[in-house]
Amino acid sequence: MSNIPFVMALLLAVAMIAAALVAVRATATVGAVLAAGLVSLFASVMFLLLAAPDVAMTEAAIGSGLTTFLFFFVMGRIRREGGGND
Amino acid sequence: MVEIILTLAAVCVGLAFLLALYRFVIGPQTVDRVIGFDVLTIISITGIVLAALLAQRVVYLDVALVYALLSFLGVIVVARYLEGGQ
Amino acid sequence: MIRKFASVVLLLILGYAFYSLVAGFVPDGELNRSAAYYAENTARETGAQNIVTAIIVTYRGLDTLGEVTVLFLTAAIVAQVLSHSRAPAGTRGSGFLPAGELLETGTRLLVPLILLFGVYVFVNGHLTPGGGFQGGAILASAMLLLLLADPMRRFSHRLIAKVESISGLTYVALGVMGLVLAGGFLDNRILPLGQFGALFSAGAIPLIYSLIGLKVGAEFSSMLESLEETEDR
Amino acid sequence: MDVIGALILLAGTVFLLLGSLGLLRMPDAYNRIQAGTKAATLGTLLTLLGAAILMPAWWAKLLLIGLFLLFTNPLSSQVLARAAHRSGAALAPQTGVDHLAEDREDLS
Amino acid sequence: MNERKSSGNRSQAEAIDARRAFLLFATLLLFWILLNGSLAFGTLTAGAVAAGAITFLFKDSLSVFSGYRIMPASLVASVRFVAFFFRELVRANLQLARLVLTPSLPIRPAIVRVHTGLKSPVGRLLLANAITLTPGTLSVEIKGEWLYVHWVSAEAGAEVATARIAAGFERYLEVMYG
Amino acid sequence: MITIAMTTGFVLILIGLYGALTNTNILRMIVSFTIASTGVNVVLVSVGYMPGRTAPILDDAVPVGSATTSIIDPIPQALVLTAIVIGLGVTALMLAYAYRLFRIRQTLDISKIVELKW
């Protein structure tokens, strides 16, 4: 029972590192941005397990939410002007 | 008794998490990654509810609400981007 | 090639430094002195349940004022930079296609609820996790949903600017009132502390956090909007 | 009572697991969306119900999370499926008719 | 809306607008009370102020009850709709579980047209959402009176599809929203 | 728990730095930067964690009297909260300038941008 948060943290650590590797190595920029959002998302669950709900909420709403949205808006503008996808 | 069942539930969540993460990592298209993102967010909500149950703190549930909002908005932003521009 | 080699060497050195940091880390057994002070005195001095909120709004209120100012400057600079790089004629915004009918209906249905949730997050900053910054981000997310559902839609710039400047001004005015009526700049005891745990308690903290929330929401919205803006010239 | 709540919670997580399995096994994007959205919705709803039985004082927040998911989850799946079709995501080879592609010209 | 209206029409439109605003306000206040989980005076006041401001600023917003016909028959239909919906949701998941656990994955997907007669926006949204969550179907696009549905185990014909997919929900939604 | 979180944070910083150093696309560099900043935040929060204690919110679960012995250090949390918000500001500025650079140079690849003046 007391091991559950520990195992969850371990899983999240694996997932964060995998998503970060995807973000760095993926071929398409869209995938990279999504993976970065996912890293922030898992970081926020990790903050919750570290007993920091305030930080978890901030990371979820700002770090994972608005940052990803800003990226997609800029990418939309760049694509509209004929910029390469990669 | 309850503890054993909760541990089993946590195991199921962990397995589901790993499977969805695998789908996210292998792709192959961006749409598949977005689906993986969506399902991972929702599995994270379940994880947050479990964490709140284990820590006996009701305040953690606010973060789950932010997550529900975020999974919706994130998927819609990416979908609108993938639809293509003018 | 040299570049890759150099970066790998740098990462190895950094990795060794980080390893020694992790290996030598010993977690605290009990709270250090400042943390213990906050844990003991927050409830009595500020009446807030959430100690993090008390630190951000009251104990370190001046830093938060600086933070909000930095965000304001960021929004202004983003608008300035983008206005210097006009898009080619005939194109507009980030060029999303018109949305489907279901998304439009869903947006009309969900935006009020999301806005109300944002208001809940920043009004309850002293009771539950969350506060002005998170609530402002949620308000901006609702604006984003409106932008996505109808790319042609334009918000009134004047309304956003007005909300931002009025809430910023009131924020500073409340700080000065703290200087006059209570112990110092941004002191929350200008209003009665009220009953511990109620919505209207903790003096001016809910008011200040609501103002921060409105201001931050307006700043994020204007940031998103200047990225989406029509440029037909 | 606690045991019933925990069992409902377990059932929810089992549905989540099956949904993830479907996500992995299905051949094309649309089928994956189907598997993901159905299983995730029911799985999360059952988890929330189980948590509400275990902790009766939390029912209001849990109810809100459930209602919100019930509205947003199918909507985001629909938007995603529409975007997938518009961006030309491939259908699985065993797919039969595609009326939407036939009607696409007079739609847009 | 038309610029030139007779005064009778205008007052009718105003009454509809007022009703919609009131429904939105009531929904928001209910949402606020559930969020806070308390009925203290201060909480209610703050909620009323916030809900009023949102109702005033976002006039074209809808609530779940916009266009809802308040009468006993629609209340009965709502209850039966919810019950039917949850039964279908559980059935959908069981079917999905069987499908996923079968090694050969016996699917025969297709995108079919489904006819709908609903006019109210909220009703159409509820119909599409319900279809997405029922066994083996996923709504992809809605246009006019046609709904395009991705169907995992397809059978032939638009009539069959309409009868199998949409009719069950439409029966109740027509009573509820008209 | 602390060790896991801290190690993850440091590994994220390293991955982010690696990405920022090896990618040539500006957007990818900004993505790597956000990953590194997330890693820093994880490290900072994990420093403030103490095993067996709970979040610094004094509701029914944590009575005021026993706060000193049952909550974790709130100061790193307040710090990280500020850091996340400022991180978004920095990212927005970087994105705006990247877009400006793209408008002038018509490319996002820094290895194709050779002039110093722009």
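Note that the chains take the letters A, B, C, D, E and F in the order they are written out, and that residue 1 is the start of every chain.
Assume contacts are C-beta pairs under 8 Å (C-beta built on N, C-alpha and C of every residue); 3 or more make two chains touch, one makes a residue touch a chain.
Since this is a predicted model, take the numbers as computed values, not measurements.
J.: List every chain that touches both subunit C and subunit F.
T.: Looking at subunit F and subunit C together, the chains touching each of them are A, B.
J.: Where each step is a move between two chains that touch, what is the least number of such steps from subunit D to subunit E?
T.: The fewest touching-chain steps linking subunit D to subunit E number 1.
J.: With contacts defined as at the top, give the pair, A-C or B-F, that has more of them.
T.: Between A-C and B-F, the larger count of C-beta pairs in contact belongs to A-C.
J.: Using C-alpha centroids, which chain lies at the maximum separation from subunit A?
T.: E
J.: Centroid from C-alpha atoms only, then distance subunit A to subunit F, rounded to Å. What do you get?
T.: So the centre of subunit A lies 11 Å away from the centre of subunit F.
J.: Roughly how many whole angstrom separate the Cα centroids of subunit B and subunit C?
T.: 24
J.: How many Å are there between the centre of subunit A and the centre of subunit E, using C-alpha atoms for each centre?
T.: A distance of 32 Å separates the two centres.
J.: Specify, in ascending order, the residues of subunit A that touch 2 or more different other chains.
T.: 5, 49, 51, 53-54, 56-58, 61-62, 65-66, 69-70, 72, 74-77, 79-81 - these are the residues of subunit A that touch more than one other chain.
J.: Going by the touch rule set out above, which residues of subunit E reach two or more other chains?
T.: In subunit E, residues 31, 35, 125, 128, 139, 141, 143 touch at least two other chains, as defined above.
J.: Do you know which subunit C residues sit against two or more other chains?
T.: 50, 52, 91, 94-97, 100, 102-103, 106, 109-110, 113, 117, 121, 128-130, 133-134, 138, 141, 144, 223, 227
J.: So how do the chains connect up here, line, ring, star, complete, or something else (other)?
T.: Chain contacts: none of line, ring, star or complete; other.
J.: Pull out all the chain pairs that touch, please.
T.: According to the stated criterion, the contacting chain pairs are A-B, A-C, A-F, B-C, B-D, B-F, C-D, C-E, C-F, D-E.
J.: If we count contacts the way the header does, which residues on subunit B are in touch with subunit C in the complex?
T.: Residue list for subunit B touching subunit C: 59-60, 62-63, 65-66, 69, 72-73, 76-77, 80-81, 83-86.
J.: Quick one: in the complex, what on subunit B touches subunit F?
T.: 55-60
J.: Note which residues of subunit C are touching subunit A in the complex, please.
T.: 50, 52-53, 87-88, 91, 93-96, 121, 129-131, 133-134, 137-138, 140-141, 144, 220, 223-224, 227-228
J.: If you look only at subunit A, which of its residues touch subunit B in the complex?
T.: Residue list for subunit A touching subunit B: 1, 4-5, 7-8, 11, 15, 18-19, 22, 28, 30-31, 34-35, 37-38, 41-42, 44-45, 48-49, 51, 53, 56-57, 60-61, 64-65, 68-69, 72, 75-76, 79-80.
J.: What residues on subunit D touch subunit C, complex-wise?
T.: 68, 71-72, 75, 78-79, 82, 86
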